[in-house]
Amino acid sequence: MEKEIKLEIKELKKYYPVLKGAFKKVVGQVKAVDGVSFSVNKGETFGIVGESGCGKTTLGKCLVNLQNPSSGELLYNDTETGVKNALNLSKKESFKMRKKIQIVFQDPYSSLNPLKTVYSAFEEPLKIHKMGDKSKRKKIITEIFELINLKPEFMHRYPHEFSGGQRQRICIARALCIEPEIIICDEPVSSLDVSVQAQILNLLKDLQEQKELTYIFIAHDLSIVEYMSDRIAVMYLGKIVELADAKLLYKTCKHPYTEALVSAIPTPDFDKEPIRNVMKGDLPSPINPPNGCSFHTRCPLAEERCKIEEPNLKRVKGSENHYVACHLVSTVEE
Amino acid sequence: MLSYFIKRLLAVIPILVLTSIIVFAGLQLAPGDPLTHLIDPMEMTADFDREALEEEYGLNDPIYVQYFSWAGSLIQGELGYSLVNGAKISDVIFRRLPATFELAGAALFISSILGILLGLISSIKPNSSIDYFGQGFGVLGVSIPDFFLGICAIQIFAVTLGWFPVGGRLEYGTEGFLDRADHLIMPALILGFSLTAAVMRFTRGSMLDILNKDYIKTARSKGIPERVVYAKHALRNALMPVVLILMFRLPFLVGGTIVIERVFNWPGMGSMIIEAVTGNDYPVIMVTTLLVSYVILLASLLVDLITALLDPRVRFE
Amino acid sequence: MSEQTILKVKNLQTQFTSGNKTVNAVNNVSFSLKSKKTLGIVGESGCGKSVTVHSITQLLPPLGKITDGKVTYIKNGNEIELSGLKKQGRQMRSIRGKEIGMIFQDPNTSLNPVYTIGNQIVENILQHEKITKKHAIEKAADMLNSLGIPMAHTRMNDYPHQFSGGMKQRVGIAMAMVSNPSILIADEPTTALDVTIQSQILELMKRIQEDYGTSIIFITHNLGIVANMADELAVMYMGKIVEYGSTRQVLTSPKHPYTEALLQSVPFVGMDKEKRLKSIKGSTPDPSSLPEGCSFASRCEFATEECKVFPNEFHLGDGHHVKCWLYKDKEVSIKKDGKRDKIGN
Amino acid sequence: ACSNDEKVTNETDSLDNESSNDNSNDAKTEASNEALLVGDGNGEVFGETFRTFWVDNPNGIEYWINRGLLKRDADMKNVHEDLAAKYEVSDDELTYTFTLKDVVKWHDGEEFTAEDVKWSIETAIKFPTAVDTWYAFDAIKGYEAYKEGEVDNLEGVKIKGNTVSIELRYPYGMFLQKISNFDILPKHLLGDADIVKLQQDPYWKKPIGTGPYKITEVKFGEYAVLEAFEDYDGPEPNVKKVLYQRIPEGKVLPKIQAKELDYIGALRNVDLVDQISKVPGYKVHKVPQIYNRYFMVNMKGSQKLEDIKVRQAILHAIDRKTIVEETFKGQAEVADGHVPPSFADEHNKNIEKYEYDPDKAVELLEEAGFDFSQPLKIAYYYDNQETVDLMNIVAFYLEEIGVKTEISLLKGDLLELIYHQADYDIIYAALSQPDPASAIQSYSEGSLMFQTVWDGYQYDQVFSLQEELAQTSDLEDRARLIKEIDKIQAESLYILPFYHMNVYAAVNESRLKTAGEYGNEWVDYKRHLENWQLKN
Amino acid sequence: MKSVTTRSSIVQKQWSNLKRNRLAVFGLFIIVVLGLATIFADLLTSYSPNGVDLSNRVQPPSTEHFLGTDKLGRDVFSRVLYGGRLSITIGLCGALGAAFLGVIFGSIGGYFGGWVDRILLRLSEVVMSFPALVLIMIFIAIFGQDVFNLIIVFAVTGWIGEYRLVRGRFLSLKNEYFVESCRAYGMSNLRIIFGQILPNAITPVIVSVTLATALYVIAEAGLGYLGLGVPPTTPTWGNILNSAQSIDVVREYWWLWLFPGSVISLFVLGVNTFGDGLRDLIDPNQ
């Protein structure tokens, strides 16, 4: 089956200025996202993992236009109008774009305005995008409520009357109600209790099936990303260090960082070797990322070359869908 | 630390300039005319030479010239002359400032010590009777207008009991501080009263806040005695916002000084400001407000410094 | 049993009262900690894990109160009843830090920002040992060094904000361990940390246990971590221990429906994508208005009428206990000494 | 000179002084035993610096330390020699010749000369706020040219040895009285100062004069110590030392009750005078002085009061007698004109009186077709409590007869607000004047009032009387003219007279024996300071 | 399941919480009693606040004149009531005006950040470095004594508190996910600011307005005492106290200052305790 590319990112960068002093002089830059390229196919789930602060959220926000990328291209394949670079759209077009890509945030507690009823949380986006009149909107919302397994009579309640899991379902539903094609899930379960995480993950899977949605699934928990995604990108300090099919990644990870990540995942599986590859040191500051391979400061295998030369993301030799940015892995130029 | 201080100092400069411009501009807006305070308008005759007068007071230069000549001479320490009585402002301030500093300083000293102490006591046993007493005192302190309290105090302690003089600061023949301490006690206490209450309330709130912090739990988990937990771990953290609030309260203190000086006939800057305002004495208003605001800015610098001393996060910023 | 018990908690009940609401944050909890072993406590947020361990050292928030139960610390055969001590009394304080060290969840907030980390560690030493300050500093530096903080001597003059999260947690551990306590209570010590840092800290804690022979109470909500860390495991739900046993027992053959569901609701690496996760319906009830009976009943797929009454504890052998009516018939009645090791009512 | 004294009663600055309850240290008691303790009833004395003696109501201390060529009697009419040994007036009353005393020394030892006199007159003409000399110095020959700076020399003033002759362009009836109130300042100290910046000269920090006392110590805002001047050319004063204190009004009574004040003049606070008179040993003396309270009518801007009946009605509506009796406890009199009865010669008993008669007031208003729906705008510009009280009383009485009122306090550029914007129907004023002629001066052609808000209401009869008055020096003629002008005022009511306030001086008679003459505190008159004596 | 909660039931719940705070209820009681008394002053006294009665000057309290009479024979009780009406209005309007400015500036500065914010911040620092009373006095000297001017002046000099509060709230709230998601589906900035964030930032402002009202009532009294408040011919609490500047009033006519002063203190006390109660309700930690 020929895969249809839904979204393609080329060399996306987002630098935040570091301001200092009374005059707010720019003294440096946080390279939150530093040259990321990938493409997402229609209907797939593209997972992104990485440690805290590596730029996952920033990337996600860039994709939905909540942050203006510093540079790069964001090609969006609209079912109606074809491929467009989402970064240089007119105001009107970008408003339309918003309808197509939606985002679900990490914290369902702060994702809903505590002073607005859930109903109005749904109604606002519908109103803004002029979807239907009052009764039509009510119908849409009622349907959505059923879709997420909530009783429609809860519609007029305030967010604080819902549990975390319910809220996250509401957030997902709200993102869905304007019928987007892509949903970015930024750590949608990490602030939920373990017992309700599964509800959300299952719901996301069900919805994807029903609505042919494309997901970009962000998390720092490799096991969850792996479970949810078709392909996974591993981020480190604003860059993708490894990108592969989910099944492959866990078994045949190439990058030392991915290895460390995989081995650090605690599993309640007694047969698994306990922690074997403890990585030294902390994540360096993205303000002054190390030269060369940004991972070399923590890499157990680092060589001289790694300190000087920055590795590019290249395809792993002998593997079709597996890319890695490491000097120590034999790759092929494309 | 030094460089931090210098940086803070430099950051204040634009505010200083802005302040002076605002003060100047504001007073240009004033329709007031000091001339009519020299001579009753009813006595003015038709051939009264107004222009000469304006020239006498330099009121007819273009505005920016007035500003620059004013600002220029300010920098040289030349503060100008009062329109109303022709006195050299620097002389007047020099004469009045010590009185105000004495009063405000005493009030600030008393109230910060007392306020912090009371707040601390209150916070250690929240909802105890001591705490209720403290809270009651706190809310009373911020509720009673200080001049009213002053009037009551005069009536009770000066008029009825005769413990303290009715007002004033010094008199013919008295020189030393102790000679006039009896004049100072009542106004300083009254002026400090509401500040004490405010500081007390704030210290209490801040302490209760800090006592909920995780690191207090950590400290307790080490088995150190409660008094060390309070004195070492909680107080220093709680003090930072208190120092800040003291700073924020400083303008109130100055405002209070104005009123209290009036109540107690204290010959300080406050009465001078009132006089200048009622007399439309521009130069004096300008210079004194500017001076007061600079003192407050200076105090804010000081507060920053203290905060930096108390809080390494600021220091190493 | 050959293993020595070092801490015994019996029928502990801790309440929070605010206004007219009373929350039984910890309800009838009993467990014991064996010397040089690790006891894991898992459970969802708000199930009472922290309150349980804070009750041991009586470090409860102002509104919290131990209303029932006994906490006994056993040192060299001497039993000290901690629950009978005065909250801030000398005896209680001599236990804290000296006998029982604690590490908290968020290293970013659990260190006092205005004192150097050296100061904060030394404080603990000087409180419990009669040595000179110089010695204490030496000792603290050694401790930090052994926990993998390079140049410990100079770094001791740094303030917490100059440290990264992982380093701060190491400082926290150093602070708890520096007086060489017999028990270390770690309240979700890695939840706020990244996976890679988390594994560093976990390694460290294991090493400490080996080096110092410390008994550890390890709180987490991550089943993966307990599998690695704990010898015994208590699963808590709404203030009660619903299942208790060796880690292997509990994780490989979970008995309580809650434990079981919990295990099946998290994906693990390499899991079959097509397989649906098991989701527990509903969410945790409001702790201030718990229904009668088994508090899990409303979410339990096996719930019956019986669950309207709170289940007894059933002993399934090898120290595996569960509180669920499903096991009322499966209880192995080994009453060796005539006494039934009963946890519940 | 006269004064805007109302404004200073609200004096904030204040200073130290002793309360009745404080009986502190010996040094002070000693000091007070030997010194005459004088209070500044005026309230504005040397707050921050001394003010140029020529401006309106400057310090109150200058009468102790400085002098003019002549000195008036306490009744403000006749004059005597002071710095001048003798004076002559030419028959046409255009030339005045003053022969100075031979040896007069300034406090710094320098000799007083005719140069000082000439310099003082010239400088005062150029000094903008030298109120005292208005009108009088205008009459000097060459005034215009000198004032405009066309010439360097004032033509009318000539000196020859120790005589000074002043030539006028036209007769000025009050010239001698005016010159008697004019302080001569030392040219050798102030001669080089920029005239418009004269006030800023360091001289004013501790001024010197030729008077019987010199300043030895000043604490601005608090007190000044005066000592007898050893080279004084007149009789040596009995009292060698004077402690001149600045006392806020509120502190006068405690001070007096503690017997820490021997003399204080210019007392106007009714309650205070009442209470002082009850303190044993003290006596209050009523001072012959004109101090009037009245309303000016806005004749031009306000159509409402155009009809004289309305103006009459306002006076009829207000029970001035009760106000005077109740709130002033008899320390004031209802005014019909501008000259109080105490100036018997100039007081006109036969002028129109407007008694309290609300019914008549209503009647008059109705006759005049007064629009009761529009409020009467009352303005005032003194912001003290007493004025506010009076405004409230006036408003109350007017509202009793159905006239709405709108009271506003003018602030800011008063000249502009009063004379040009003039957004009021009546405006309150309270002025003290040294003599009857000055009291009626706003009814002269040169007054700002006539030139602005009374514009168009020419009053030829008054103007010619005023002109005659200005040129007449004969006291009887003057009295007649003043009476006449006052009568016209009372009939035309451009000014609504309210009352004459009494002014008092308080003396601790158990300690101080004064010469028994008390005049207008704001004017230089013969106090016979050298005869003052401290008992015991 | 729980019954459906509506906004009014939230209010009800808060109200019942408030009721439990006895001090706050006490404060509210004072506010209501004094407020009603001033509103219905004409029912409580037959004397006009400006009714001069020169034959009855400075009478001590009696059955006829409940709180005595002043120097013009006006009934002090009536003046205190009518004066309170204006004083409370001034205080409240001043506080509301200041809050309005503070909220607008704070929302705009906090939401947009950048140079707008920096300018506002500098401005607030400058305003803050002037003592409010001095600033107010200068403003009054410039614009004249007038009730409306006084309110404006209070607003112009008093917005800093609310500004900082709202700005702070905005700074933290603008990064909350619910705001981000509003932006994600394309809501306009104005709607986000005023429709979404502001309601969440407004509760502390309510407390602040309450406490500011107390502050301004005191400020009005202080200014009136100094003779710099509203025109002295209008009775307000401050202007009534103006007479207490002279020591003989303090000595001899205690009822002229003791009663109005006590009423001010009582009212402010009520407002403060009520404000504290409200704050406890909103932020139980403080």
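Note that the chains are named A, B, C, D and E in the order they appear, and that numbering of residues resets to 1 at the start of each chain.
Following the convention adopted for this analysis, a contact is a pair of C-beta atoms (placed from the backbone, for glycine too) under 8 Å apart; a residue touches a chain by one contact, two chains touch by 3 or more.
If you want to know which protein each chain is, UniProt gives these names: A = Oligopeptide transport system ATP-binding protein; B, E = Peptide/nickel transport system permease protein; C = Peptide/nickel transport system ATP-binding protein.
This structure is a prediction, so every number in the text was calculated from the model and none was measured.
> Stepping chain to touching chain, what's the minimum from chain A to chain C?
So the least number of steps between the two chains is 1.
> Taking each chain's centre as the mean of its C-alpha atoms, give the chain farthest from chain D.
Between chain D and the rest, the longest centre separation is with C.
> Out of every possible chain pairing, which has the most C-beta contacts?
Summing C-beta contacts for every pairing gives the maximum at B-D.
> If you average the CA atoms of chain D and of chain E, how many Å lie between those two points?
Computed value for the inter-centroid distance: 45 Å.
> Could you give the separation in Å between the centres of chain B and chain E, each centre being the mean of its C-alpha atoms?
Roughly 22 Å separates the two chain centres.
> Roughly how many whole angstrom separate the Cα centroids of chain C and chain E?
Whole-Å distance between the two chain centres: 51.
> Based only on mean CA positions, could you tell me how far chain A sits from chain D in angstrom?
One centre to the other, that is 88 Å.
> Show the residues in chain E shared as contacts by 2 or more other chains, in ascending order.
141, 227, 245, 247
> If I count partner chains per residue in chain A, which residues reach a count of at least 2?
Residues of chain A touching two or more partner chains: there are none.
> Name, in rising order, each residue of chain C that touches chain A in their complex.
Per the stated touch rule, the residues are 44-45, 164-167, 194-200, 202-203, 221-228, 248, 251-252, 258, 261-271, 273, 276-284, 299.
> Could you please specify the touching residues of chain D with respect to chain E in the complex?
For this pair, the touching residues of chain D are 10, 249-251, 253-254, 271-272, 275, 319, 322-323, 326-327, 383-385, 388-389, 391-393, 395-397, 399, 407-409, 411-412.
> Which of the residues in chain D end up touching chain B in this complex?
Contact set of chain D toward chain B: 2-4, 7, 10-22, 24-25, 27-28, 31-32, 47-49, 51-52, 55-56, 126, 128-129, 131, 134-135, 138, 147, 196-197, 199-200, 204-205, 219-223, 225, 243, 245, 248, 250-251, 254, 296, 381, 383, 411-416, 418-419, 429, 431, 442, 446-451.
> Provide the residue numbers of chain B that touch chain D in the complex, in ascending order.
30-33, 35-50, 52-53, 55-56, 81-82, 85-88, 91-92, 95, 158-159, 162, 164-174, 179, 182, 262, 265, 267, 271-272, 274-275, 278, 280
> Quick one: in the complex, what on chain A touches chain E?
24, 61, 64-66, 95, 98-99, 102-103, 105-107, 110-116, 121, 124-125, 128-129, 153, 156-158, 161, 171, 174-175, 178
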